[in-house]
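Note that chain A is present in both complexes that follow, paired respectively with chain B and with chain C.
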Partner chain A sequence: MKMTVLALLAAAEAIALRQAAEASPIQHVLVQMPLLVLAGVLISWDMRGRRVWAVPLLLTALTAFLFWMLPRSVDWALTPAGETAKYLSLPLLLGVPLRLSWPWLAPVLRGFLKANALSMLGVLGFLYTHAPLRICNSYLVSAQQDLGFAFLQLAVVLACIWAVPVLFGHPRWLPSGSAGCSKCGA
Partner chain B sequence: MAARFLPSVLAAVAGGGILWLATDGARAFTSEAARRLDVLQSPRKVPEVLLEDMASRQVPLLPQAGEVVLVEFIYTVCGDICQTAAADFAGIRDHLQAQGVQARLLSVSFDPERDTPEQMSIYGDAHEADGIMWTIARPSQKDLPGLLKLFDVTVIPDEWGGFQHNAAIHVINGDGRFSAVYDTDAVQAVVAYLGEAQP
Partner chain C sequence: MSTVSENYVPGHAAAAPQAGAVKLTMVLSGAVFALMMVFGLLMRAAQGQWIDLDAALFYQLLTAHGAGMVGTAALSGAAIMWYFCGRHLVLSGGIFWAFLGLFLLGVVLILGAIFIGGYGGAWTFLFPLPALSGGAWEAGAAAAFMLGYTAIGVGFLLYYLELGRRIHARYGSLVRALGWNLILGREDNDPPPPAIVAAAAVTIFNSIGIILGAAVLVASLVHLLVPGFEVDALLAKNLIYFFGHVFINASIYMAVTAVYEILPEYTGKPWKSNRLFAIAWNAVLIFVMAVYWHHLLQDVVMPPWMLVVGQLVSYFSGIPLIAVTAFSTFLYVRGSKMTWDLASSLLVLSVAGWSVGSVPASIDGMISVNKVMHNTMWVPGHFHTYLLLGEVAMAFGFMAWLVRGKTISQMDGLDRAAFVTYLAGAAGFVTVFLFSGAASIPRRWAVHYEEWLAHDRIGTLFGGLVVLGTLVFVLRFAARLGRREG
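Right after this comes the complex of A and B.
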């Protein structure tokens, strides 16, 4: 119940950012879109996925993720049809499948996904800060460069957060360890 | 055994298919690339629109008998890319003239409110647009949104009271269809394309 309320709050906040998303790609790609994914994760927080579905669900989530990473999808997301698709697909095809499959993923696979996310953010950061042309028609060159730096900053922050359990062991106060499926009945 | 892998294989195939379609077969990752590909594959019919040129005359956007029209969207007080783009546009004009290709070049303002005929002739004079083969013109406020939509030109205000837009050279072929998009500095490519179309 609490998680459902939080999910609705995240979705409402994302929709409230409509205008901001049009003005700034950072608000769009790094605030609004993650909030929509978060809404999907939260709404399915207490659900249990079945083990056999873990890989297909992960592939679904990866497809949605890669689709919304395309610059042309970001432009499309500012049109009425694209906006609707964004509001529906980010929670339902990325947040929910990710939440349902994550507990079943082996630590090596999780580490692989995290490492790929970091390197991808680095590549995107480099691309967006150095591209000689506008990658999204809907945003200014300066905003595109800001987005590039934001990608790099996010990569650094995530690297630090993800490195702590690897280097120093999992902190006791954090729930659901990354070491397996103790919580979800494996 | 197969049943165990089937859902994963299906998800992978569907995912790959969706991404393949969403990028036009890994050919277009940006909306600019997508529009260029789309007009090549299915040229778009250009409506009959009259523009007001720098001498306040009405000029047609559509090609007249036997000619091809090149369109560049601009605003006259543009500081950086439009200036070099205009120089390249002049270069194209010179090449086409030398080869005797029947073509008309139009720099169309997407800021018709500020770009009066006087303002447009300042821009035209600065870049040696003769007003015949190459002229600067503005659409009516009423026609502007339709034109931007047809050519898929996105104009957004920048921090200094100007605009940023996906600048390019748009080709309207002899059949009155918007059929190709080139970079503003692709002088040789445009000249070669028109030379082929009109031997």
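Right after this comes the complex of A and C.
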């Protein structure tokens, strides 16, 4: 119940950011979209996924992720049809499948996905800060460059968050990150 | 003659984890080392005008030699570290096979890019050279080269993720595996052995290098496919040299685990981690990442403080190596009455060669020297010293040990001849490079002036000796692989 309320809060916050998302690509790509994914993760928090579904679910999540990484998709997400697709697909095709598949993934695969996420954030930072043209027609070049730097900052923050438990040991107050999840059966 | 059991009682089960996979990797490494050395010999002979080599082919060979040697040094180093970490950790064989498969896929792509696509932009793929070939190669060839690197990088990432998670599972955290309990004077009932300390450090810095390398590789790929997407050239150069410097250094730091694990069999004294050893490896972890700026001393647009740090860390980075590994090797060997067979001789030589190689590196790391020396033969002189006489000697020493059996005997005539030939050839080869650098002969030139030919020809002769010695080492290893231990 608590997770459902939190999921609804995340979704409501994402919808409330509608105007801000139109004004700033950072608010759009790095706040509103992750909130929608978070809503999907939280709504499925207590669901049990089956091991045989892990790979198809992961592929679904990655496909949705790749689609919404494209600058053209970011532009489209500001149109009425694109907005509806965004509000539905990010929680249901990215957040939920990611949550249900994650506990079943091998630790090396999880580490690979995290490392790849850092590299791709670096690539996006590279491209958005130095692109000679407007990649998203809906935003200014200066806003696009801000987004590029935000990608780089996010890469650094995520690297620290993921590296600290590995370097210094898993904090006792956190649930185990690698031994699966009893609630979801892994 | 002696046996292992006479003078050494290992503190752990000296098992042979995934020995088949490791032996196959070492056979492949030895074969590629020999082939790449032949490429190098061809280039030196062409510079000396003893053979006629088309300039385009020269740069293709230069690219293959650079990428092949760096890749094979890393491959052999990875196999060595995997083998010895397997004595202390339970490692997944599937990951090693995936690593090897991805590596071989990368090799196929790289060789195809070079010898079918004509790519000759050097192993450093510096932006924007891969995209500006002047008609020498198509963008597709450069893209295939970078995809080859990407495949190899993914393989290494899987390797380090597996190693890192097993170290984490065994020791609870990477800092404990780095020996922080030893450094801080805390009690530790299960201190990490030297191979694990080295593995923890390499896992950290090479993972960071690979992640940053993947970012610049993909950005360069996007630029190749969509030329409108520019990449910031200075940032790209920083990332490429961070990745490249860390990667090639990691190959030596992985291979040195052979010294820590094998030499005690000969000296009878186990090589244990202590406070100084742990401090040195933690310093290596920082220095290896902070020193790469010494590759950019001629980039005047770099912030001056970075160049100063590059110079200072160049001085400091030799200290942990020389103070701990080289000095410890000297102490272990001194008075131990060890038997000098091919394995022990090559391993001790490798530590000496690695240490000596750091001297010309530190000299070139001085800004005032670098201004005139960086684009000369001095630079191949220094890195050939710590590769030919360092990492490659470690790999050959490990290979000799793998097929040695339980009995330790003095070198026979062929082994001694091969060792002396390799040592004389390598020492002469790198000395000629350093002399050529001091004489301001530029590096990476396919065609040399008459005045430089004597250097090139003497270098070619010494290079021939290196190839001869290498062929004996590799063929000897392959021939003894199937032999039963005795």
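The working rule: the second predicted complex is superposed on the first by the 178 of 186 C-alpha atoms of A that agree within 3 Å, B and C clash if a C-alpha of one lies under 4 Å from a C-alpha of the other, contacts with A are read in each partner's own complex, and residues count from 1 in each chain.
Note that in this section a contact is a pair of C-beta atoms (placed from the backbone, for glycine too) under 8 Å apart; a residue touches a chain by one contact, two chains touch by 3 or more.
Bear in mind that the values here come from a model prediction, so they are computed numbers and not experimental data.
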Point to revise | Overlay on chain A: chain C relative to chain B, clash or fit | key: fit
**Study point:** Which of chain B and chain C A:L59 touches, first, second, both or neither
**Key:** first
Point to revise | Angle at chain A between chain B and chain C, C-alpha centres, nearest 10 degrees | key: 100
Review point. Just chain B (first), just chain C (second), both, or neither: which does A:L167 touch?
Key: second
Review point. Touching A:H130, do we find chain B (first), chain C (second), both, or neither?
Key: second
**Study point:** Partner chain(s) touched by A:F112 [first = chain B, second = chain C, both, neither]
**Key:** second
**Study point:** First (chain B), second (chain C), both or neither touched by A:G122
**Key:** second
Check your understanding: Is A:V141 touching the first partner chain B, the second partner chain C, both, or neither of them?
Key -> first
Review point. After the two structures are laid over each other on chain A, how near do the C-alpha atoms of chain B and chain C get, in Å?
Key: 10
Practice item. Using the superposition described at the top, list the residues of chain A that contact chain B and also contact chain C. Key: 133
Point to revise | Of all residues in chain C, those that touch chain A in their complex | key: 92, 95, 154, 157-158, 161-162, 164-165, 168, 172-176, 204, 207, 210-212, 214-216, 218-219, 222, 228-232, 235
Review point. How about chain B: which of its residues touch chain A in the complex?
Key: 4, 7-8, 10-12, 14-16, 18-19, 22-23, 28-34, 154, 156, 158-159, 164, 166
Point to revise | Complex contact set, residues of chain A against chain B | key: 52-53, 55-57, 59-60, 62-63, 66-67, 70-73, 75-76, 133-142
Review point. In their shared complex, at which residues does chain A touch chain C?
Key: 107-108, 111-112, 115-116, 118-120, 122-123, 126-127, 129-133, 159, 166-169, 178
